[in-house]
Amino acid sequence: MSNEYTSSEMMTVTAAKALENGMTCFVGIGLPSEAANLARLTHAPDVVLIYESGTLQTKPDVLPLSIGDGELCESALTTVSVPEMFRYWLQGGKIDVGFLGTAQIDRYCNLNTTLIGDYQAPKVRLPGGGGAPEIATCAGEVFITLKHSKRTFVDQVDFITTLGFGRDGKARDGVPNIGRGPTRVITDLCVMKPDPETRELVVVSLHPGVTAEQVQDATGWEIRFAEQLDTTPMPSANELDVLRDLKARTERKHAGEA
Amino acid sequence: MSNEYTSSEMMTVTAAKALENGMTCFVGIGLPSEAANLARLTHAPDVVLIYESGTLQTKPDVLPLSIGDGELCESALTTVSVPEMFRYWLQGGKIDVGFLGTAQIDRYCNLNTTLIGDYQAPKVRLPGGGGAPEIATCAGEVFITLKHSKRTFVDQVDFITTLGFGRDGKARDGVPNIGRGPTRVITDLCVMKPDPETRELVVVSLHPGVTAEQVQDATGWEIRFAEQLDTTPMPSANELDVLRDLKARTERKHAGEA
Amino acid sequence: MAEFLSLHDAVARYVEDGATVAMEGFTHLIPFAAGHEVIRQRKHDLTLIRMTPDLVYDQLIGAGCAKKLIFSWGGNPGVGSLHRLRDAVEKGWPHKVEIFEHSHAAMACAFEAGAAGLPLAVLRGYVGSELPSVNDQIKYIECPFTGERLAAVPSVRPDVSLVHAQKADRKGNVLVEGIIGVQKEAILAAGKSIVTVEEIVDDLEAGPNACVIPGWAIDAIAVAEKGAYPSYAHGYYPRDNRFYKEWDTIARDRDTFQAWLDENIYNAGGQAQ
Amino acid sequence: MAEFLSLHDAVARYVEDGATVAMEGFTHLIPFAAGHEVIRQRKHDLTLIRMTPDLVYDQLIGAGCAKKLIFSWGGNPGVGSLHRLRDAVEKGWPHKVEIFEHSHAAMACAFEAGAAGLPLAVLRGYVGSELPSVNDQIKYIECPFTGERLAAVPSVRPDVSLVHAQKADRKGNVLVEGIIGVQKEAILAAGKSIVTVEEIVDDLEAGPNACVIPGWAIDAIAVAEKGAYPSYAHGYYPRDNRFYKEWDTIARDRDTFQAWLDENIYNAGGQAQ
């Protein structure tokens, strides 16, 4: 059965399942948006999707290419200004979960979307923080989804754009009014959660057909595995159908507009 | 001709004339609102009236009883939230003139709308500051209108709710980002302006038929008169017609609602 | 997630004795029905927050519900005094009420900051006013960029907020339209929130940027037809200015007020349990 | 009071070399026509402010208009990098651009504070992020009530802001609808403001709480049909996602970009004087 779906699909479906019905979710563009909308179209019809462009409780029929596509506003309950979005809805504590992607992540779930190399003379300049720094600290918890590779899973991020648990795993300790931080990381290979004590990422579930060696090979540090290592449930036929329909609709829509 | 209009009408018409066409005016309820609307209906059709309830550029057909009557919203260009009104429009520096009434005023134009007597054991508790404290400091300048009497024009206000020029006339000196403060006070007897140096109120114009003695008798301190003491122009027939129509419409409207 | 309750049950469940309560509505959509239910249930020792106390707080204070009042303008708009408020402050009847007094700008910013989850609001305020000398909740910060001294007040974060709005849909999403005051801020800043509405509709028919508060940000919704009367609901009914003028006579005298309370609150309306 | 000008004249009058300029529109109503006119008039040494630089700032930076960039997310949304921005930052082509980098939350609050006339914005931000170590415009204040340490950033107060909106009426009042971003804040925070609109109408037909900016708070209004293209204008035309994807190829190479600039900006559009 493992060749009936791609590893990308496995990742998206698993990420989608992390969202529970009724949660309010602040959605990052790209993989998180795909997963969050899949959740809404499958097991979590009342998940509340919020994009930083100001669209509250939006139900796009196709995936947005940008964080502020017209589709998001047209299908939203209402659209507020961007200052209001960040002040009242995010900082105001109305968001259960922030759903983020990233360019780099380290063992303490710190995220780098700023640059590769040195800040003053970057090798690669990335887009920057966007909404992530405060999503990661103001939302109740954070889910992260990205493809697994040594390029993305690094021992130390080049720059902490967005806090996981800091360089030592303790950066949230004793900080007032801060969310729980990352509670799970979903990749195309596995699911990881921070150790409750040390906050170091631990693989808790391997996707069907994936080995521990494959995960280690794609990770830039010696990654820990849970004693009780689960196998991630496979996508259902319905989940795959809905996801493929969504992506096909999206493809047609974005190609067709001129 | 002096018995063709009342002293109240003289006050309102004179206060109205202080507003120039195109000014943006933050309007207090009561006398200021009456004067500001009269201005709009006579010489200043494009005066922009703003009420603290959030109504921007409103054109009520009748005078509002409260600062947030439905009439204000229905005839406004748009209505914003109260935080936005105070933050963006008043503190943001978009108001040319604040138009205020008061319960007490002193020689340095300080206003008291808080209480008579001692704060902890007031003889008379008044409504309080409302929008006035920041209207007086954030607007470009301030016009004040009230009836002249020893009860209202006092040597020292019991409480400075709203800054004129402080107990010594110097309270605005060197303060960054502050408006010019009161530039004229219009009563049923005369027009006063602060002395450019000392900031003490000086009578610059007596209403027709009013004597300097009358003004002094109605003022709780030894008030100064300008060397060149003008006579305030009389209301025109048109101004009186428009004012009386407005007040009659208002009376009918407010009595009729049940 | 908003639950549809009777007003009786909503107030019974969420308004506790001793709570900090904001009932908002800036001269529009004043939650009179909700305030009356609080009186009827004889809630007491409340810290009442409201920019413009208006008649509804005069009634609550006169009925003995209030321990403290945080406000910025306490009058009967266009008419005169709130006599019950004055009687409490000047004469301590029915008991002394402690007051914390602000300007509108500070209160508006404090509601905004409460909705924004911040502990303080910063504003260019109170310059030259003596209010800071009688309200120790007004402090100052220095801008680290310009050195300017700016006023700071604690944000408003009530235990429970009660507001009135035009309508809710069947999911509990609420439309507030017209003079929106600080209603949204009051709800978002509060631990719990009760919204009374004129009616429940299938579709809010709101524009793309309308002031809509999602049902999941509200705790209870109760239908209260004419729930803002004698204030008004834009699109539903006008302000009863005549009642506002009559209130001056009713509230001026303790006995007249007491009779009004008995007739119009204690022995009228509400819901037998 | 808003004056109706040609886009050429508005930019010529209000955008000075060396100015601090905000062109806003959060993924919607991006003022491309205005940005192109700035390029066409070869304005230079600009400090450019924008939360999401997007293609329009890639073009401005590639054309050599920018000296500094203040931003919070500089990518081609859903596509990838802004290659002209990267080339300037990584290789200094056509010249080095100094960057001041924030988070969205901080930039949004900084626009809000600018509109509110304050020198700083206060937020619960940057906790644990290393951005404060590379941006000395991020400082801290202590809440005088709770002792909590909160981030502070300077407010955004541009010399001139340029935004695009759906329509203006004949008095110059402007309606912005849909994703409204920080457009209102950009205008209110600026010393001067230019608004391009799709059309001038007799009546804005706006709801009671619509985002309407009064003409007296705007300096110049210029009609620019499809002025937000290839971004979109809610109610007028959709986003040209295809062009956003094509931009990746155009901008990746300096020569291709230069040819695009020549063909589409310098030798096209605008107004001969």
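Note that the chains are named A, B, C and D in the order they appear, and that numbering of residues resets to 1 at the start of each chain.
As a convention for this text, contacts are C-beta pairs under 8 Å (C-beta built on N, C-alpha and C of every residue); 3 or more make two chains touch, one makes a residue touch a chain.
Just so it is clear, the structure is predicted and the values come from calculations on it, not from any experiment.
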Steps in the shortest chain-to-chain touch route ending at chain D and beginning at chain B: 1
Euclidean distance of C-alpha centroids - chain C vs chain D, Å: 39
Geometric centre distance via CA averages, chain D-chain A, whole Å: 28
Inter-centroid spacing, chain B versus chain A (mean Cα positions, whole Å): 57
Shared interface positions of chain A, touching two or more other chains: 73-74, 79-80, 87, 91, 138, 177
Shared-contact residues (touching 2 or more other chains) in chain D: 112, 117-118, 123-124, 148, 178, 180, 184-185, 208-211, 234
Chain-level touch network, classified as line, ring, star, complete or other: other
Chains that touch, pairwise: A-C, A-D, B-C, B-D, C-D
Touch list for chain B against partner chain C, complex: 29-30, 52-55, 64-70, 72-74, 79-83, 85-87, 90-91, 110, 114, 119, 122-134, 137-138, 159-163, 166, 171-172, 175-178, 254-255, 257-258
Residues of chain C defined as touching chain D within the complex: 117-120, 122-124, 137, 139-146, 148, 150, 152, 154, 177-178, 180, 207-211, 234
Residues of chain D touching chain A in the complex: 26-28, 51-52, 71-75, 77-79, 81-82, 85-86, 89-90, 101-105, 108-109, 111-112, 123-131, 134, 148, 178-182, 184-185, 211, 232, 234, 238-245
Touching residues (chain side chain A, partner chain C) in the complex: 22, 24, 48, 56-57, 73-74, 76-80, 87-88, 91-94, 138, 177
Contacting residues of chain C [partner chain A, same complex]: 1, 112, 115-118, 173, 184-185, 188-189, 206, 208-212, 214, 216-217
